[in-house]
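Each of the next two complexes has chain A plus one other chain: chain B in the first, chain C in the second.
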Partner chain A sequence: MKTKKLNMQKILAPAALVILYVFFSITGRNFFGMDGLRQILQSCYYIGYMAFGVTFVIITGGIDLSLGSLMLCSALVGCCAYSAWGWPLWLALILILVIGGLFGLFNGFMVAKLKLPPFIATLGTQMITLGFGSIISKVRTMYFPSVGSVDEWFRSVFYIHGQFPTGVLWLLGAFAVGWFLLNKTRFGRYVFAIGSNEEAARLSGVKVDRYKIAVYVVCGLFVAMAGIFYGAAYTTVLPGKGNGEEVNGIAAVVIGGTSMAGGSGSIFGTLIGVLIMATLKKGLASVGLQAHWQTFFTGFVVIGAVLLDIVRNNAALKSAKKQVQ
Partner chain B sequence: MKRKLAMAALALVSVLGAIPVMAAEDPLYISVISKGEQHAFWQAVRTGCEAAAEDYGVDMFYYGPPSESDIALQVEALNTEIQKAPDAIALAALSTESVMAQIQECLDGGIPIIGFDSGVPNAPEGAIYATASTDNQNAAALAAEKMMEEESFVELVKNAAADAPVVIGVLSQDATGESNVNRTTGFVNKMVELVSEYQEVSVTGHELWLAEKEGAPVVINVEIPATPEVTDITNAANALLNTKGISAIFCSNEGTVSGLLAATSSGADLEDGAAYGDLVVAGFDAGAPQKNAVRNGWFIGSVTQDPYRIGYLSIELAVKAANGEEVEDVDTGAQWYTAENIDDPDIAMLVYD
Partner chain C sequence: MTEQILEMKGIHKYFPGVHALNDCHFELGAGEVHALIGENGAGKSTLMKILSGVYTKDEGLILLDGEEINIGSTLEAQHLGISIIHQEINLMQDLTVAENIYIGREFLKGFVLNQNEQDRRTNELLDSLHLSDIRANTKVSTLTVAKQQMVEIAKALSFQNTRILIMDEPTAALTESEIEDLFSFIRMLKAKRVGIVYISHRMEELKVICDRVTVMRDGQYVGTRDMADVSISEIIQMMVGRVIYTEPKTSSAVQLDAPVVLEVKNLNSRDVKNVSFQLHKGEILGLAGLMGAGRTETARLICGADPMDSGEIYIKRKKAAIRTPYDAVQEGIGYLSEDRKLFGLCLGLSVGDNIALPNLETHRRGFVIDDAKIRRTADKYIRKIGIKTPGFYTPARSLSGGNQQKVVLAKWLERDCDILIFDEPTRGIDVGAKSEIYKLMQELVKNGKSIIMISSEMPELLRMSDRIVVMCEGRATGELSIEEATQENIMELATKTMEGEMK
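Let's turn to the complex of A and B:
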């Protein structure tokens, strides 16, 4: 009986995704079909990468509010190296990853070593990255190569090649890497261990600080990748932007059933969460509702998902108590 | 129970599925992707679009991002709209670079794009069928015409002499921005044309408009501030005000109006009987301080773009393009507002605070 209940909850998010997709396929204008599907997937590349990255952080019981601004900060600086300093594009892309990794390290250091609450530490990083990007770029708007320019391959590799959405492969690749890291490695086991009970993990010999820092670095790298996909999709990167994007990443994780209390969650759930948000976004537009409606409805979905989490926890607690008695 | 549920679901699906079928004879579907919705300017554009959509019986979708820096949202909206295979798209791009691929897609797929307001500068050849925007030269010429309808000013021009020339000042924010240059050119050219009926005219000041004539009794002086900062504009305005024989000033945008007002005790010096009470001043665009100056009669009036017509005509062009008719760029015109008509509903809609 108990396992059946658990399965029910696991399929709830995917079921919601299917229902949404079917609903908009019937009611939306040109929503159903390969092109529509491609559009849904294309709109979730950068959010997907952000969400995969922050999934690790949230499972350890932390949070990263610097996702959005770090994403655009690393993209902006990399693009500045490419278009203003004349770096070759491949080197600029590496720079983007380095910046993401370094700020991740910074976040991890503050949380693990200086014992700052993650909320405050990453809030600080959010502002630092906003300013940092503007300082380096001298508050200039930067442009990634678009169609018809010299480095056209950038868009082909990371976004779309002809009619083929290459970004989907990257998204699935990120999913595979994330899934493997979380479920098949010692790192993943310790992430869960730290999230369920940090003290217990420490007492059983886990080098908690080191793993916590690693978690934020992994998140930073995923976020930097998100920056690359943002550049491929939207070309123009403005300085001083990106704060506010983190809510998309965090919302996807929460919708996917990862508990904000830490200790439980899955990469698969996050993928479903990202797809639900993208389907809502494209679906609501296909029936003629504007972007702010999408934000409006996503808010309710997030609250619903958290409520579900609470109900689930209470039920688990009750059954645990029963067993003890 | 399961069966009942399935039946209900089936019924729901069939009802929902029937909706598009019932809407026989699909009207044209036109997507409007604008730069925003928050400013009164864009609200007027939208009102114009909606009126045209109604008149032409087309299905219109209007999108405006929350702010003019939300490029990603605009790109997403454009993607979504292209996906819906619209009959035409009206577009005011925030960044042409960001929508290059989408424009190419429309070009390949034969979806006509109509530019509006600032349009889609540097778009690939053939993608933009036509643009509905303000012709800034014509708009600024309107200010020159209205100045020359002031009888006292015309008298002054008629009686001007080489040893006591009448000076007409032009305050332009810069000599690089396309709209500012066009407005200054439009005003200067029209003024030269109108004044030449009575007197010889010399144009001095910035080199771009230089046409000096020795001993001309009327002088048009184009003043460009050192930087577009309001302090520098104020200095430039002071320089004009201190020019001997200054009789009229045209400010080519909201920024230069602010500079002039700062140089005249927030405009109080332009009040009848005050230091510059006789000065004939005309402005451009709107904004609360400028509206106040017009309402108080400190300005004889100001020119405003016509966002309502920008919206209306962009839909009109889109409909024509969708029907395969030839279209070409249109000037959406400008309106002249004064203390008398500023509160008329038609004008009030165009002049933002």
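Let's turn to the complex of A and C:
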């Protein structure tokens, strides 16, 4: 009985995904098939990386609002190093990761050591990274190598090679890494413990501050990866952009059943959340509804997912109380 | 004798598994200050929560002016003229006195707040209570704690016909001179024929301000006396003189020359003043005292949970630098908090993960968590100390209090801690689980562990401890061997405030 309920929780989001997919396959034009599937997957890349990263943060009970602008900031600076300063591409990509990691460290330091509320700390970082990217790039638009240029490999490695969406492999790789980190390492176990009860974790001898910082660094690295995939997909990076993208990442996490209160969540759920959002996006387009409709409906999906989470939690609490009595 | 306004007769209250109030009586006259006292958990709060409408009684009669009443909610209690002043101040610090007093019943002129009327009424009220130094437009945060308390009382009295005022530890946060202010205020209320229920642990205070005293113990009514006819030691005797259902220890098996595993010297922090003691190998050291005596605070210093201002900790004769809980855990100190839900467990995580939390170093292979080993470890303790749970995978949230306590214990046992601090180990757990915890503790010391036990239940201390250190107001006021310790002399040390010694 109990295990059944648990499975229900895990099945709900994937089931919604399947239902959405089937629904649009029937009603949408050019939705069903390899092309449609590839388009869905391709719109997952950078949101997926952001979402994986912020899943860790949200499970500790925190939030990161700097996702979107940090993603573009790191991409912009890396791209600037490549195209304006003449760095080799591989070094520029490493720079992107370093920038993501450093801003993650900055976020973590503010939250863990200076005890700033994550909302405020990362809101500040959102604006700082927005400005930082523009300052470094001198407010110029930057271009990653596109098809036909010297570093053509960039796009085929990270985005698409011929007809094959190579980005999918990276996304699945990131999923595997994220899943391993969260479920199989001490770091992951502490992430849950901190989100569930920070004080109990601290009294158990967990160096809570250190792990909280690490969580934001991990998030920053994932976000930097998102920046790389953004660059590969769009090749053009505009300065002063990216704020607003964080809501997509956070929405995917929430749709995937990770609780904003911390202590529970899963990378698998986040992957499903990302896929649901991408399916919705492609599906609504295939029935003739454009971008503004997609945002409109995604909003309802987020609210619905959180409502469901609340209902589930209440039910779980009730059954737990019953068990005790 | 004054006219009687309130009578509570034969009150019973049951909580799941606990008979919290068993045939309790209480009465209150107009203009009387009636002390309600008893040890922690004696049932005073429960009885007063019934009177103020927080709980409903299961059996018994409540008579107001001789008429039977039913109090279904706090709002009904207020309408009946019964108000409670809680220990903590519940005022909105950034609002004015008037805004606080009339919150939720603001004076309106159409849609607009009628500030003038509200301020005028507030000032009238304050004047009538001789609180002319507090004004309606004063911001609450600028008032002293004592004045804020009086604003709370004024708020209670601003409801029509408030005649019964329950004050829960009103002096807990007050300084000496503020207490004097409060007392003259209470005398003024007496003159206005308000009946006051006064809950406090401070015996000297009761003598000063109260007319009668009712003592409760273990959810039962012990007796009511006129304050003038009773001495403090008689009251203490009434408080502790229970039929002791568990035999107290009469002698300690721990040799005086047993090695010292922990020594603290002159610990100081905001709530702890110059506390020193030693803990021997295989010993249970009881830390006695009333609520707020600084026992938990001392324990939290030892386990690195709070920073200390000064002091030294020696573990096995070696000086230990404990700055964080991590350091304490490395030194082999395990802390079992009185509030398991807040400090002990990650409720959402499984029993296994909770036990593994301080032990992941030994439950991994390289970077990978060894879940199979966590499971084996959890199963081992589920068997060994009898944790009643459907399995290691069950969330800690759904376990009963006693079993949650065992999960916390398992955490530290697996960590192989030599020094265990049990803070109120049996609070909120039922009798059966209690004796299991006692048995476990005895086994632990037999196996060479050492235990510091903080408890507010004196029979528990007398039954378990080899030695007892008593604290009051942050200081260690005395140390008793188990041979000399009695409930009376513990209580005496626990109420030995500085007042007498200060000029």
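Here is the rule we go by: the second predicted complex is superposed on the first by the 325 of 325 C-alpha atoms of A that agree within 3 Å, B and C clash if a C-alpha of one lies under 4 Å from a C-alpha of the other, contacts with A are read in each partner's own complex, and residues count from 1 in each chain.
In this text, contacts are C-beta pairs under 8 Å (C-beta built on N, C-alpha and C of every residue); 3 or more make two chains touch, one makes a residue touch a chain.
What you are looking at is a predicted structure, and each value in this text was computed from that prediction instead of being measured.
With chain A as the common reference, chain B sits beside chain C without any clash. Once the two complexes are overlaid on the shared chain, A:K113 sits clear of chain B and of chain C alike.
In the superposition on chain A, contact of A:Q290 is made with chain B only, not with chain C. Residue contacts after overlaying the shared chain place A:S196 against chain C, while chain B stays out of touching range. In the superposed model, A:G205 makes contact with chain C only, not with chain B. By the touch criterion defined above, A:V147 reaches chain B but does not reach chain C. Note on the composite model: angle chain B-chain A-chain C, taken at the C-alpha centres, equals 130°, rounded to the nearest 10. Nearest C-alpha atoms belonging to chain B and chain C sit 33 Å apart in the superposition, given in whole angstrom. Shared contact residues of chain A with chain B and chain C: none. Chain B contributes residues 13, 16-17, 19, 29, 61, 63, 65-66, 69, 71-73, 75-77, 79-81, 83-85, 94-95, 97-98, 100-101, 104, 124 to its touches with chain A in the complex.
On chain C, the positions that touch chain A within their shared complex are 16, 303, 305, 324-326, 328-330, 335, 337, 342-349, 353, 356-358, 360-361, 364, 367-369, 390, 395, 397-400, 411. Residue ranges of chain A in contact with chain C, taken from their complex: 2, 183-186, 188-190, 192-193, 195-197, 199-207, 263-264, 317, 319-320, 323-325. Across the interface of their complex, chain B is touched by residues 23, 26-27, 29-30, 35-36, 39, 42-43, 141, 143, 146-148, 155, 160, 230, 233-236, 238, 241, 281-282, 285-286, 288, 290-292 of chain A.
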